[in-house]
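Take a look at the following structure, please.
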Amino acid sequence: MKSLSKLSQRTWWIVGGVLVVIAALLPLLNISIPGVLPGATYTPGTLQLLALALLFASLALSYHLLFGTAGMLSFGHALYFALGAYGLGIVLHETELTLLPALGLTLAIVITAAYLLGSLSLRVTGISFAMVTLAFAQAGNVLVRRNPGITGGEEGLRLDTEHIPDFFIGVVNTRNLYWLALALLVVVFVVVAWFENSRAGHAVTATRENELRVRVLGLRPFGVKLMAFVIASVLASLVGMVHLLLQSGTTPRATSADFTLTILVIVVLGGVGSRWGAIVGGIIYTLLDQRLTALASSDAIDGLPAILRIPLSEPLFILGTLFILVVLFLPGGIAGAVQRLSTGTSLAPQKRQRLEEAE
Amino acid sequence: MSNQPVLTVEHLALTIGGAVIIDDVSLSIAQGEMLGVIGPNGAGKTTLFNLISGVMTPTGGVVTLEGRDVTNQSIDARARAGLGRTFQTSSLFPALSALENVRLAAQVKLGGATSVIHFPRAHDKATTIARARLDEVGLSHHSETEAGVLSHGDKRKLEIAMLLATDPSVILLDEPMAGVASGDVAGLTEVIRQVHQSGRTVLMVEHHMDVVLGLVDRVAVMHHGQLLACDTPDAVMADEAVQKAYLGAPL
Amino acid sequence: MTEIVTESILSVAGLSASIAGQQVVEDVSFEMLPVGVTALLGRNGVGKTSTLRAIMGLIERSGEVTIAGQRVDREPTHRIVQRGVGYVPEDREVFSSLTVAENLRLAERDSSPNRQLIHELFPDLTDRAGQLAGTLSGGQQQMVSLARALVNDNRVLLVDEPTKGLAPLIVMDVAKALERAAQTVPVLLVEQNLQVVRMLAEKAIVLEGGRVVYDGSAEELLSNEALTKELLGVA
Amino acid sequence: VDSGSGGDDLAPVDVSVITSQTGPLAAYGEAYLAGFDAGLDYATDGTGTVDGRELNITITDDAGDADKAVTAAKDVIGQGQKIIVGTVSSGIALALAEQAEQNKVLYISGPAAADGITGVNDYTFRSGRQSFQDVATAGTFIGDPAGKSVLVFAQDTAFGQGNVAAATAVLGGQGADVTSLLVPEDATEFTPFAQQIVDAQPDLVFVAWAGATSGAMWEALSQQGVFDSVPVATGLGDVSTYGAYGAASDQISFLNHYFGGATDNDANAAMVSYLEAEGKQADLFSPDGFVAAQMVVQAVREGGDDVDAMIAALEGWTFDSVKGSITVRAEDHAMIQPMFQVSLVADGDSWIPELVTAVDADAVTPPVAE
Amino acid sequence: MSTIILLLITGLGLGALYFLVASGLSLIYGLMGVLNFAHGSFLTLGAFAGWELARRMDGSSWGTLIASLVLGMAVGAFVAAATEFLLIRRLYNRHIEQVLVTVGLALASVALFEGIWGTDAIYVTAPEWLSQTTEILGARVPNDRFLMIGAAVLVLLGIVAFLRYTRFGLIIRAGVENRSMVTALGIDVRKAFTVVFAIGGAAAGLGGVLASHYFGYVSPQLGGSLLIFAFIVTVIGGLGSLAGAAIASVVVAVLQQFANYFWGGTGDLMVVLLLAVVLLVRPTGILGKKA
């Protein structure tokens, strides 16, 4: 937790605002970063990649609220992303609703589900909580794969474009989707920041630190925890919905435990407990994930001797190794490293502590 | 000091896996009274506090707070009903600053601690109260320090500051002086005395006999989970059984 | 075992330590008495505990720590302990998920542990051998913590507030046990209970802000009211 | 600048191949890509050009992840490319088909077998076979299906359920009584299910199975004596799976899309020798790549840069390929092609396939998708 | 009747497999608090090592099988010890980060295996007897199930003996709770951690070779596919309780068998449901200690 005196807060918000404006202008600019982006910033391929990165940043932010702020280690966050994506996809398929009402209906479903499942899972804490959330997500995964009639099974669900406004359809409109993803990121950020800074946010942080103490003070931890859980879930489902639009469909990978682990990896990469870290982590992860595949199949790698070629031609190997190195040598992730560079201090002890307590 | 009992326990009992921890304890504490609880280590003093505050559930008996049966109420419900306590082993929010620790407590008292539309401010009422409480226990200079890195004695003081900030009407203090520097004992004793004199009911477990004897109206002596005696300090100190079980030969 | 020890078994020179980048012990130097109790005193937060932890190698430190003539300040904690150091930490630090018996068994370093002594000192622990240490009362945990140090034959004992939270009766017992131990083994004692200090300590070191501000006879310190007022804040 | 002029016609044509090179289906992807190279070589007579225009092929790895595939597709479509080819996973193929329709580009899917790809939209074609054709081939093992009982033993996935649906439509339509036994995809113990098959005593068991668990599944069927009492048919997979059938290998009737020695014609000879020169082996999905390359060449040759013209050129096109003469059905872009009945024979320590008979394309034509 | 027998015995066999995977996981998790996501990779590596050996020797003799089991254990132990030494040790007391390192390791190692051995399943051969069946009360029970059950019992006994007759268990339980205090008692806790990791790894390696015979193949995904069940079993049984894991393995596997057979293949759903119910009713698991 930052302490009360937040003199630099305003500066941060201004920097953030400027970054958002720059990001919003990207589709109108012609900037190339060879090796990082597939093409100039106005091209659909690049915008698609950037939009994906923004979505992962939003998703990581929602998980940050759950894990970093409230200290709830969930292995089932993917479920709510999937509920958003599949929910909206199925509603659009099965009903005659247009996009906005369908979105509303899906949201209502997600809120109900998050509330019910959250109330159940929050009866346990620590690793048991992680396992119960994993169990629910796993059930979701099984249901999705077993019912191809509704969900498409392992082939995934295609977006029914009939009721989708035209400006979201087709490669030429990728930038509209990019702007949508950017807007979502801003919304998620504001909601998360708002909640964290509110009294409820402080209460939930205190609950993370010492639940018994919170109760002895006269607060019901369950309420604030559930609130954080539902907010994080709803935000994740919103990301899922935009992801459905962006990808024109969704696949069962969205429901898998692997996917939750991916989000966890992102948050750790960025730095647990840091909003900016979650965003940076989401963007860097997506770029790495998408671009390493390109690197792996490049000619440069092909020419290497087997002992180098085999590992380097596996993107996940590089990503996994990188991740290990970050955890080992960059405690506090990217955000922590930046903070240390800028202030010259070593890692604040509470950051580590928090990781331990969450166990 | 009126004679209206504000807190009573009747036939309180706790057994864990066959071990009798609390054995048929009945006590009645009057409004505004200050009760010392003493007894050998493991006598069940902390457990008694745990049962009263709801941290543990008794296997028998009734706890009444201001005339209402709270035996089956949750910890937080009892806290909202005006019961406050400290812990024998300091229990804090280690990653929050000392001020934030206390401010949260003050916030609960003021209401709206879980509001999502209100934000803590540097000069709001809760913060003002929190600063005052920290000052009272002599921790002002540590208000921005993370609670987790405070020294042992300072954590004890922070516990008390948090308790005061919730402004409870009934206070349970579990060994407030343990680990407090001998030079600070007098000051802290004074804080407790003032809290008591402002009309609050106080129960205090403490092994520092001079502190206990100087403050309390009555002393309850526990031994092997039972209430051995409950009387004025003088009478209790004169009791041979108490001397044998608890005090030993005076130093 | 009545060899006459004349040289200090533990001495500290220019010891500094920091926690999370913050200096909490600054250039502390002292020698322990060859036998008997040396008290380490001071108000809350002055660095008493940190000094002990620095000697033990539990926090980052610099400076010289010598045990029986050998520098140990570069050794890992378990080596230092194996040289015959008994340590009673401030917060008891019993292993709460282990039983009392397991806690003690873990602490036994040599082949002939002093189980008898423990039994005499804390009969309560013998009764509770199978109980999880986490469920013990505060005072009982303190007993376990003390017992873990006393169960071995040590060459020096570092004891951090051993009587905290103990009933007066047991405070006496512990004080006597320490007194007995101190006849053969020097003891470095951090203690807030001045009665206990008065009874046991011959030498006293007082810290303030991580520095030594008094190093001398315990009796002189405690009988000088002005000095105690100034250094310890006791009226 | 001067579009439409003669110089423009000689501009290279971009073709984007998106398929798995890493990830769980990497091996299929590799076979497909090798077949594609061979097909390109064959269809362009080794020039790599069509009417003087160079085919500029880029290959992108989707790593079995639909996100990556869609991103890659949007990237190339955004660059103005008109032809996308490939992928081995049905889910990704459907995602790419969707992109093709939204953006009006030509898409020729790879080995992905889902029936749903056929007729999904005007822009999507397929180069391989579909589940209907597998099932229909299985039906040829029992002669006239009318009055026979067929049990489909499959995994409870879209693939498995698709096979059940296909069997019901194809064999059920011919009068067979089709029932199914679906096993959870993650199940690891198949003995009880083998018991259920024995108890059911159908005239034919059609096994639709994918993935690594097949070895354990076949062993369970052997152990419980399924082969002693019921005829079993299944699709023969790629070379790496020949060892999966264990003791049951020579008791199973295999239907097959393609294996190295299935056919004897020019295209096949060309493909096999091309692959051999590359140090590779002709395998199950080699023809899919080969056919895809032929279709690309046809589309470019007849359609130039105009997607609608490409589609027109492909619809109803009949041509000779590795599996013989095959036709792109105009109505729904189903690929009408012959299939094979095969048996495994022991060859030292391992098993090799042997052609029993080729099944005529007409005999296994899928119903027209609506 | 014979169906029920078959379901029960094969359920027991499957439970044995789950336990073989879960034992090492539970040991490491119970003692060290590290939820080891790389456990599956230890398992896979053990299986590949066993197969590499077997294909160089006479593929289907008993001697080969035993040799490959031993090699699998050795490789598992070595890799696990190396993991502890190089990665886990640096992060002591930071459980979440330890878990994350194992997640990274799992990702990287599976990818590496795919690079080395390809993505296809490689089919393994075993002594003839293992693929035959034995008739029990009319049920034809595959023989390899007996091998699984026997091995699981041996592993259970072995680990229990290790914990009971050595000080390692004690040191590590204490070390996880408060590492610096253990060193302050004069104990080198690092060595103990490495030893326990190695034992967990050996169990994984053994489980890997056996699993490859159970499934009839090795593939890079082999370990990962079993890991989730191992987690579930570990948690249902009670964290750190080996006996609990053993009981839970059997319960989970038998439930799965029956649900798959009688309730339309709902085996995994039932298991997941069981996990949720157990945790909500008894958060510490069947034999877990009360917190």
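Think of it as A, B, C, D and E in the order they're written, each chain with its own count starting at 1.
In the analysis below, a residue touches a chain if its C-beta (ideal position, glycine included) is under 8 Å from a C-beta of that chain, and two chains touch if they have at least 3 such contacts.
As the structure is a prediction and not an experimental result, all values here were calculated from the model.
Trainee: Counting one step per pair of touching chains, how far is subunit E from subunit B at the shortest?
Mentor: 2
Trainee: Taking each chain's centre as the mean of its C-alpha atoms, give the chain farthest from subunit B.
Mentor: D
Trainee: If I average the CA coordinates per chain, which chain comes out farthest from subunit A?
Mentor: It is C.
Trainee: Between subunit A and subunit B, what's the gap in Å when you average each chain's C-alpha atoms?
Mentor: So the centre of subunit A lies 44 Å away from the centre of subunit B.
Trainee: Go ahead and note the Å separation of the Cα centroids belonging to subunit B and subunit D.
Mentor: Subunit B and subunit D have C-alpha centres separated by 75 Å.
Trainee: What is the distance, in whole Å, between the centres of subunit A and subunit E, each centre taken as the mean of its C-alpha atoms?
Mentor: 31
Trainee: Round to the nearest whole Å and give the separation of the Cα centres of subunit A and subunit C.
Mentor: Whole-Å distance between the two chain centres: 50.
Trainee: Do you know which subunit A residues sit against two or more other chains?
Mentor: Correct list: 142, 313-316, 349.
Trainee: Of all the residues in subunit B, which ones touch at least 2 other chains?
Mentor: Correct list: 149.
Trainee: Which residues does subunit D have that touch at least 2 chains other than itself?
Mentor: 22, 156, 184, 186 - these are the residues of subunit D that touch more than one other chain.
Trainee: Along subunit E, where are the residues that touch subunit C in the complex?
Mentor: It comes out as residues 167, 170-171, 173-174, 177-178, 180-189, 289.
Trainee: Taking the complex as given, what residues does subunit A use to touch subunit E?
Mentor: 73, 120, 123-125, 127-128, 131-132, 134-136, 138-139, 142-143, 257, 261, 264-265, 268, 272, 310-311, 313-321, 323-324, 327-328, 331, 352, 355-356, 358-359
Trainee: Tell me, which parts of subunit D touch subunit E in their complex?
Mentor: Interface residues on subunit D, with respect to subunit E: 22-27, 156, 182-184, 186-189, 191-193, 195-196, 211-216, 219-220, 222-225, 240-241, 243-244, 246-247.
Trainee: Mind pulling up the subunit E residues that touch subunit A in the complex?
Mentor: 33, 35, 37, 87, 90-91, 93-97, 100-101, 103-112, 114-116, 228, 231-232, 235, 239, 268-269, 272-273, 275-276, 279-280, 283-284
Trainee: Under the stated contact criterion, what part of subunit B meets subunit C in this complex?
Mentor: 16, 38-47, 88-89, 149-154, 157, 175, 178-184, 186, 207, 209, 245-249, 251
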